[in-house]
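Naming follows writing order (A, B and C), and every chain is counted from residue 1.
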Amino acid sequence: MLQAAKKLGKQTFKFDNPPVIVSYASIVGPMEGQGPFGKEFDYVLEDDLFGEKTWEKAESKMLRETLKLAVQKASTSPAEVDFLLAGDLLNQIVTSNFAARALGIPFLGLYGACSTMAEALALGAMLVDGGFAERVVLGTSSHHNTSERQFRYPTEQGVQRPLWAQWTVTGAGAVLLAREGKGPAVTRATVGKVLDLGVKDANDMGSAMAPAAADSLLCYFQDTGEEPEDYDLIVTGDLGSLGLKVARELLVRGGLAVGENFTDCGVLVYYPEQDVHAGGSGCGCSAVMLCGPILKRMEAGNYRRILLVGTGALMSPLTVQQGESIPALAHVVAIEKKGEG
Amino acid sequence: MFAGAAAFLASLLKAFVTGGIICAFGQVVMDFTRPTVTPGHVLVGYVTAGALLSALGLYQPLVELGGAGATIPLSGFGHSLAQGAISGARSAGLLGAFGGGVQATAAGIVAAVVFGYIMAVIFNPRG
Amino acid sequence: MDEQKENRGRYNVLSDVIARLRMEKDLAEPELAGQKPPAGLSEQERQKWEKQADQEAYRWLVEQHKPKAPVKRNLLLAFLVGGTICAAGQVIMNYFQGAGLGAKEAAAATSLVMVFLGAFLTGLGVYDSIGKVGGAGSIVPITGFANSIVSSAMEFKREGYVYGLGARLFTVAGPVLVYGFIVSVLIGLVTFYFSSGS
C-alpha cells in the first residue's frame, strides 16, 4: 500500500516544519474563574450573558473576542491571517459562523464535538506545514447553558444529575499557528476513527469516549514508536473522572504504562467542591485548559513535550431519544517546545 | 381547641407520610431503571397509574387516608381524571365518557397553562 | 525505522484489548454468556453477535469503575421533600375546607395553589435546587409538573412568544395530558359499556 510522505504508520502525521503556536488566548465564565486555574485565563466573565441578551450571543461573543485576542497577541491583524478554523457544539455551529462573520477571515467550520480543539490544531498544522498558509487562527467554545438547553433539559428544571454526569465548560480558547516564530510547536497529530462500544447514556459521555481515547493513543504510540514517559503530560479533553479511569485501564491492558502524567482537562478545570460530579466537558474544556494553564507552563519550561487528546461524543439529542448509542472519536496532537526549553 | 389542633397535626402527618411514600416509589423507579427513563416518563407513568388505580376503586381509600398526600402527587391528577370520566359516563353517556375527565380537571389544567405563562413571561432563566 | 517496526508489535490494538476483556468477563461470569456465537448464523448476524459481546464486555468494565449512586440517601430525600410538599398542600387544603369547601372542591383549589407555587418557585430560580436534592420528591408532586412547564417556557422565551414560550409550555406537559386523556376516555368508555349494558 502506498504511504503518504508525511504519514507515520496507520493514522499519524508528522510535520517536517512544525508550525509554531505564536499566541494563545482564553476567556472563561464565572464558574471556571473560581476553579483551580481561574487566574491563568485571559479574562473571566462576570456572568454568563457577557452583556448580551441571549446565551447563544454571549457564547459567540466569547469566541469572537478570544480569536481577536489571539490575533492581537501575535502582533498581527485579521487581514494577515490566512484561515480561520473554528467549531462548537450548537446546531449548524452557529457560534463559530457568527464569530467568523465578525472577523472576516476565510473560514473553515469544523464539528468534532468536544474534540474540536484538537481537530482544529491538527488541520491548522496541516495547512501551515503543507504550505497552504502562513498564519492560521483556530479556536472553539462551549457554554453551559446553551448546551444544556440543546442537549438535555431547560436550565431551571429540577432534575437530578447522576454522579458520572459532567458540566459543560463556559469558555473559549484560541491559538494562532504560524510557519515561523517563537513558541511551542505542533510536531505530530493522529486523526482518530469513530468508535462505538454501545454506551447509550447521554449523561455518561466519559465511558462513551474512553475507548476512542485509548484507541487513538495506542495508535499514536504504535505509529511513532515512542513511550508515554517521553511526554511530560498526556491530557485528554473531557473524559471526566469515570472516563479517565476507564481509559487508563484500557491503556494499561493495551501495554501502555501511563503514569501520573496521564490526566484529563475535565478533571482539572474545576474544584471537587464546585459539585460538577465527574468534571468539566464541552469544546471549551480542552480549549481553555490548553490556551491558558498548559501553554503557560510550556512557555515557562515546566512542560517540554505534551500530548493533547481531544475527545468527542458524536451524538445528537434526537439520536439519543431514538435509542441509539453514542459514537465517539479522539484526536491526538503532539506539542513540543524546542530550543531553549 | 386541643382536639382541633391535634386533628390538624394528624392530617399533616398523614399527608407527609403518604406523599413521601408515593414520591419515594418514583425515586426507586428513577434510580433503578435505565437512563432512558426520564422525568417526563415518570410523570406520564404516575398519571396513568393514578387513573387506573382510581378506576379500580383503589385510589379513593388512599385519598381518604392521606389527604393531600394522595391528591398532590400527579397520580392524584390521574385520579381526578378517572373519577370525572366515570361520573361523566354514568350521567351523560358517551359524551360524558369523553368529556368527563377533562371537565373535572379543567380548572387545574388551565391554571397550569395560565400561571405557567405568566411566570415564564415575568421571569428569566438563570442557568 | 527498524525500531519503529519492532515497537509496532508491542502494543495491543484496542480490539485485542476488548477481546481479552471478553475472555476475562466470561471467566468471571460463566453463566451469563457463551464464548462462541451460536451455530448457523449468517456472516452479518455473526458480526452483530460479536459486536454485542464486545459491548457487553465493555459495559462490564465500566460498571467496575462507576461510582455507586447514593440510593438510600436519594430515597430518604425523595421521601422527605415529597412529604414536605404534600404536608404544605395539606395545610392549604385544611384552610379551604375550613372556609367551607367540600372535599373535592378543596382538593381542586389546593391543586391550583400548588401549581401557582411551583410556577413561582421556578420563576425565582429556586425549584431546580429543590429538584437536585429531592429528585422524585420534587418531580412527582404537581409542583414538579408546574416546574417542567415554566422552566421550558422560560428557557425558550428568547425564541419568541408563539413558537418559543407558547409552544414550549407543553414539552413535558403535553405527554402528561395526552396519556391522561387517553386513559380517562378508556375508563369512561368501559364505565359506559358496563353501565348501559346492565
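By definition in this document, contacts are C-beta pairs under 8 Å (C-beta built on N, C-alpha and C of every residue); 3 or more make two chains touch, one makes a residue touch a chain.
The structure displayed is predicted, hence computed values, not measured ones.
Engineer: With respect to inter-chain C-beta contacts, which pair, A-B or B-C, contains the greater number?
Structural biologist: The comparison resolves to B-C.
Engineer: Taking all protein C-alpha atoms shown, work out their mean, then name the chain whose own C-alpha mean is nearest to it.
Structural biologist: C
Engineer: Hey, how far is the Cα centre of subunit A from the one of subunit C, in Å?
Structural biologist: 30
Engineer: How many angstrom lie between the centres of subunit A and subunit B, each centre taken as the mean Cα position?
Structural biologist: Taking the mean C-alpha position of each chain, the two centres sit 47 Å apart.
Engineer: What is the distance, in whole Å, between the centres of subunit B and subunit C, each centre taken as the mean of its C-alpha atoms?
Structural biologist: 18
Engineer: Can you list every residue of subunit B that touches 2 or more other chains, as numbers and ranges?
Structural biologist: Within subunit B, the residues that touch at least two other chains are 30, 39, 125-126.
Engineer: Note the residues in subunit C that touch 2 or more other chains, in rising order.
Structural biologist: Where subunit C meets two or more other chains at a single residue, that happens at 69, 74, 122, 125, 134-135, 139, 144, 148, 150-151, 154-155.
Engineer: Going through subunit A residue by residue, note those that touch at least 2 other chains and give them in order.
Structural biologist: Only 154-157, 159-160, 162, 204 qualify.
Engineer: Flag every residue of subunit B that touches subunit C in the complex, lowest number first.
Structural biologist: 8, 11-32, 39-40, 42-44, 46-48, 51-52, 54-55, 63, 66-69, 71-78, 80-82, 84-86, 88-90, 93-94, 96-98, 100-102, 105, 107-109, 111-113, 115-126
Engineer: Help me check something: in the complex, which residues belonging to subunit B touch subunit A?
Structural biologist: 30, 34-36, 39, 125-127
Engineer: In the complex, go through subunit A and note every residue touching subunit C.
Structural biologist: 8-9, 53-54, 149, 153-164, 195, 197-199, 204, 207, 210-211, 214-215, 218-219, 221-225, 242, 245-246, 249-250, 253-256, 325
Engineer: Touching subunit B in the complex: which residues of subunit A?
Structural biologist: It is residues 48, 55, 144-145, 148, 154-157, 159-160, 162, 200-204, 323 of subunit A that touch subunit B.
Engineer: Touching subunit B in the complex: which residues of subunit C?
Structural biologist: Against subunit B, the touching part of subunit C is residues 69, 71, 74-75, 78-87, 89-94, 107-108, 110-112, 114-116, 119-120, 122-125, 134-137, 139-146, 148-151, 153-155, 157, 165-166, 169, 172-173, 175-177, 179-181, 183-185, 187-192, 195-196.
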